[in-house]
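Remarks on the structure that follows.
Residue numbering begins at 1 within each chain, and the chains themselves are lettered A, B, C and D in the order written.
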Amino acid sequence: MIPLLLIAQYSAPLAFAATGETIGQKSGVLNIGLEGIMLLAAYASVSVGLATGSPWMGMLAAIACAIALSLIQGFFTIILATDQVVAGTAVNLFALGLTGTLFALGAAKGESLSGAPRLPEMLPGVDPVLLLLPILVGCAAWGLTKTAFGLALRAAGEYPAAVESAGFSVTKLRLIAQGLNGLFAGLGGGYLALGLVQAFAENMTSGRGFVAIALVTFGRWKPWWALGASLLIGALEWAQVAMQGKSPLPIQFFTALPYLVALIVLVIAGKGTMAPGALGLAYRREK
Amino acid sequence: MKQAVRLGLQGLAIMAGLVAVLFLTFAAFGQDPVFGVRTIFLGAFGDAQGISRTLVRATPLLLAGLGVVVAWRAGMYNIGGEGQYVLGGIGGAMIAKLLGGAAPAALGPMILICGVLFGASVAALAAWLQVKRGVQVVVSTILMNFLALELMEYLLRGPLQERKKQLFVTDTLPNEAMLMRFGAQTDLHFGIVIALISAIGVAIYLYLTKAGLQLRIVGDNPSAARANKIPADAVQIRAMAISGGLCGLAGAVDYAGLTGRLADGFSQNWGFIAIPVALMGALNPIATIFSATYFGALFAGSEELKRTLPIGNTVVPLVQGVVVLAYIGFVTWMSRRKPVVGAEE
Amino acid sequence: MTVPPEPILSVKSVTKRYRSVAALQDVSADFYPGEVHAVLGENGAGKSTLMGILAGFVVPDSGTVTLNGGPAPIGRPFQARDDGIQMVHQHFMLVPNFTVEENLALSGMRGLWQTLDTKALSKNALSRAIDLGWKVDADERTGSLPVGVQQRLEILKGVADRALVLILDEPTAVLSPSEVNDLFRVLRELKEQNIAIILIAHKLSEVMAIADRVTVLRRGKWVASCRIEETNAEQLEHWMVGEVPHREAAVSTSSGETLLDVQSIDVLGDRGNLAVKQAQFQVASGEILGIGGVDGNGQIELAEALVGVREVAQGDIQRPDATGYIPQDRHQDGLALGLSIEENTLLSHVPQDAENGPMLMRSKVRRWASDIVDRFRVKIGEITDPVASLSGGNQQKVIVGRVLSQNPKLIVAVNPTRGLDIRAANDVHERLRDAAKAGAAVVLFSADLDELALLSTRQLAISRGELGTDYFGSIEAPA
Amino acid sequence: TGGAPEGKEVKVEPNVGGGKPIEGTLKVALLTPGNVNDSGWSAIAYRGLKAIEKELGAEVANKVATDASTNDDLRSYAQDGFHLVLGHGFEYNAPAVAMAKEFPNTTFVTSSGGEFGPNAGAFRFYMEQAFYLAGMMAGRLTTTGKVAMIGGPDVPSIRSTFKAFAAGAKAAKPDVVVIEKFTGKNDDVAAAKQATLQAIAEGADFLIHQTNNAAPGFFGACEEKKVYCFGANENQNDMSPQVIASAVINAEAPFVSLAKEIKEGKYVGGIRLVGMVEGAVEFVKNPKAGAAVTAEAQAFVDGAADRILAGELVVPKDEF
């Protein structure tokens, strides 16, 4: 038996990222750079946490850096209207290189990025960031469906011209969504590093950003569903760790299981008609 | 003529910009920028070793980049190049294992063929899933990348493990089965010729054949293709198969030309880098030759850099990220300023 | 009705250039409350540009715009909207995946930072719908509504709040005659409420039926403005194109061999709905069968079934091998906009002599493409330019040209002249007629009764997927 | 197709000695599979390299070498006149031995690997000895009867050390249950913590690891659950209060003595096993462990260590 709390803890980085990506995709922007943004946030949370001695400053730094990088990507994909996949790929490379280089420079000076201070626990095993997860997912779900902003944001992802004609700027809406995406990725990356292990290692996100992108489809572009999908994958991960050594199947079968299940669910769930109509398409205002 | 001059100037401007980006990146991390840029340049073009290193790196980038070109031209956002590359290697290693020591001379070509088939079939599967089941290629190929890597790890510990069952690698290919090498001084192998021929082949296919025209029509407007009885689904699946085949070929060529064996470190992210390579090549197969060479040079030069700087390893992806962003930003900015070609009376 | 002395909105000597193109040159016009003001002109005459200036989307290079005697909010479309200038675009600004209520709420919102009450936000618009005698289902998915109903939503969005001026860009192009009648009824009602209505239309009969005043533009220049009583259709046509184009009468019925034989077919729509029920007819060589009806009644599905793009669910179609299809929406189904003009001429058919195994013969392809450009008088820069650089009319000619040049035995055309000006439309009509004369069977789907009357040798109407004969309404004379 | 020409064309072959003493500065290059700041496998070798630099005044260089660049890297260093090229990993062995034929004046030595030539060879760190001792200590001290090993990537060297740990534990407590978990990744700190927590949940109260960069995850879990653990590769006794001892590789001594042999022209190709006897492997107890390690257990392990040093106890190891 795996305690539910552990599943929640270890799927929280995925859940944060998938929720943010859901918001972003609802506005029409595919954020392939999610992995890199999470990685930068992870680095920032630990290095600032260690430097200031305050986990709060670490989390703030994670969020700030993630939003900044997310908006840099947004500058390219939303304002300049470049291809979203390429800009995202570049952001991933950039973040991997940047954090790796900073890490190497620090290591050369003998600095270590582990043993960062951790956030106080509100309940056993529940720090404020984890507590924030269901609250923020709820906010995202509520914001998308129950606020004027959410309506406009969804319209920007479906049919941007209609948003412009209603008097709202698609660019601004998408930038806000991209910023929120960054905020969530920052919480996810920060929680992964500072919340779970209080340490940073090169490339420690290990593909979680990419999996989160797949989970958005899996979650039918709904925040609660994205959370559910993350929990499911998180549970599978725990199951694979637990089953290791107790089954004659090779280890790789277990480590592949979450990806395999995600793919199979997508195939069974079938037609992705829930995808926002203008997802992945750059919008250029006619003049 | 004027067009050629303008393109040439634009190319020069881009090259200058890219060097400037390199320069600034080094400076930003407190490294001597002149030394850094010089090292990269000499490492990539300084001598026969450098040039060969550049071409060896450019080979998988060009092949996988061509794969991206073909898929994206058909409107299929294949980002599974990495997984298909790995599968290409797996396909090659499987046939090598199957044939044992038999017919080593024929083995080389067989490896390439198997690599193509392996890459092509998973990519076609991803395409089929999109066309028939609505699973977006962008999403499914991400997942397939992970699966391909896990599969390789498993095979290296099981069916494909070397004869002595000690290491998690395949047997090393016999020399006769390896692609022709251009000299013992360098790693340069016949793969670069295969890649160049592929580039020309893809160019001919896309621009001079009916199937290629149909592929581009489908990519530009699938609805119009359908209304004109071009079987858009079949064309997209075929495009993905070609794309995956090229990425698989990249893996097989690296296996049979460079490493001679498969090991956990076989995946070097060429399949991911191929995306910016293809886009910087404007999704044009011939221009992709140049962008692949550029990236190849960056990798080759940074090999030299890694030998000398402690941050050599990690500064490379950083530079690539900045370069790609700077490039796409620049190109978009240029295309915005460019007067729209109008045809008004 | 009385004409108030003061115009609500007026433009004085506005000029707008797009690089080399002068979209508008020194144009002036006054728009009065309580009047329908029609703006006429050929494709590219500058009508939409002028509307864009009025609605605040387009900033003129020079000239002044006044609203209610004061300066109009130039270049500030949202201010213009708040000031009561409402515009219904040619391409609807509706989110297809939203419900009607959500769409109305989206346009009714004034700020982003508030909780969403779609009921409250769409209340005004929905109550206006009741005033205007329209039944609107607030929970329906917008994209699945017929075009006519979507247009009503656009008008409702415009008049939900304070509307002083209502601008409609080619609203009738997509409507059936009875829908046009209904639209005109509503416009008259709005006119009674002292709203100034500005209307762009290509069909003079409609203009004569509804307008109180007309302004004619030609190649960006003002040609004439007057009250409708002071002019007639011939004069308007002369103002628009300079000379009155020659019109041929419909081809006489021919009794050639039957080329198209449709035997009680059922066709399914994209969502699996039964779009065409038990259609049955024959078309012979030399015949032009006109099929009229409101958009969304199964035309597209039937047309696609006729040419074999869509499978029939039941029944059978005998058709000749060589078929040509002119689809309804050139941007959606007709062209690959990112490809060159030359490549677009190959979209439906690659001439046999240009194929050599899998290869295309470049010189043969070039000759085929230039032939089409020459024979159909397509105005182009370079043949290798992207087809997107052509104006709408010339794009349409590329499609018509490539379809007719392959000498099809069967031609299926859906609204082939939608949005084209009179001269371009005449050109297309003539080509279709020539094809019929040369022995092809033609099926012409059109929402335009005049076009059907002018071209077809025989007419059918389609309604809710069923073919019949007595569907056509007619346009009422002004009361 | 056809293979590479058999070394005939080689022209770039600086005369750097080989079989004869080297005059002037010794040049030594090191290839590692990962960054040298991984506080694990690669870091060990880097410390060895630094020792060569310091003690022999050698000119040193190092680089991460992947499968695709291995041949190029070996060749480039040889062409640049390096006298000794060290490849830190079994994966460099076969390419190095092949390359050595083309550069008779450069010596290629890899850590692990079974092939050698006149100017090429390997030395194999007998890390299993230290893991065996750790296993014995764990087996002696466990109250739950369960001990665990947490691995990052699933590679032969790690598997072999884990086998030794398990053997040691069984030697101390025959009915001990040995739990083994791999994350499959080198740098996934969260996954390492996850695997460790799971092993602890399954009852393990003494754990050892091979997680390289992801080690903070391992230590974090042990700290949280207040179970005892061992450091590996480097002396990690300070990384957490829960660490009772570390299984350490000291690459300094064998690296420096190897470099000396090269400098004096005395190197003979072959495969050497370097372990506790040579001082290359060590089981270092944590002085701060205090009461966690009973005197009885310590004596038990010390006794085994003595027998290893005396050659009476041969710890099992895999060939790779």
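By our rule, contacts are C-beta pairs under 8 Å (C-beta built on N, C-alpha and C of every residue); 3 or more make two chains touch, one makes a residue touch a chain.
These numbers were taken from a predicted model, which means no experiment stands behind them.
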- Note on the structure: Computed over C-alpha atoms, the centroid farthest from that of subunit D is that of chain C
- Measuring from the mean C-alpha position of subunit A to the mean C-alpha position of subunit C, what distance in angstrom results? 45
- Note on the structure: Whole-angstrom distance, CA centroid of subunit B to CA centroid of subunit D, is 35
- Item | Chain centre separation (subunit C, subunit D; CA means) in Å | 76
- Message: Among all residues of subunit A, which ones touch two or more of the remaining chains?
- Response: 100, 103-104, 108, 202, 252, 255
- Message: Using the touch definition from the top, which residues of subunit C touch two or more other chains?
- Response: none
- Tell me, which residues of subunit D touch at least two other chains? 35, 154, 184
- Chains touch in the following pairs A-B, A-C, A-D, B-C, B-D
- Query: What does subunit C use to touch subunit A in their complex?
  - Reply: 77-78, 81, 89, 91, 93-98, 102-103, 105-107, 109-116, 118, 121
- Message: Quick check on the complex: what are the subunit A residues that touch subunit D?
- Response: 2, 6, 10, 13, 100, 103-104, 107-108, 112, 114-115, 192-193, 196-204, 206, 237-238, 241-242, 244-245, 251-252, 255
- Counting only contacts in the complex, subunit B reaches subunit A at residues 29-30, 77, 79, 129, 133-136, 138-140, 142-147, 150-151, 153-154, 157-158, 272-273, 275-276, 279, 310-311, 313-322, 324-325, 328-329, 331-333
- Task: Would you mind writing out the residues of subunit D in touch with subunit A in their complex?
- Result: 35, 37, 39, 154, 179-185, 187-195, 197-198, 201-202, 213-217, 219-220, 239
- Item | For the subunit A and subunit B complex, residues of the former touching the latter | 30, 32, 36, 72, 76, 80-83, 85-87, 89-98, 100-101, 103-105, 108, 202, 207, 210-211, 213-214, 217, 250, 252-253, 255-256, 259-260, 262-263, 266-267, 270-273, 275, 280
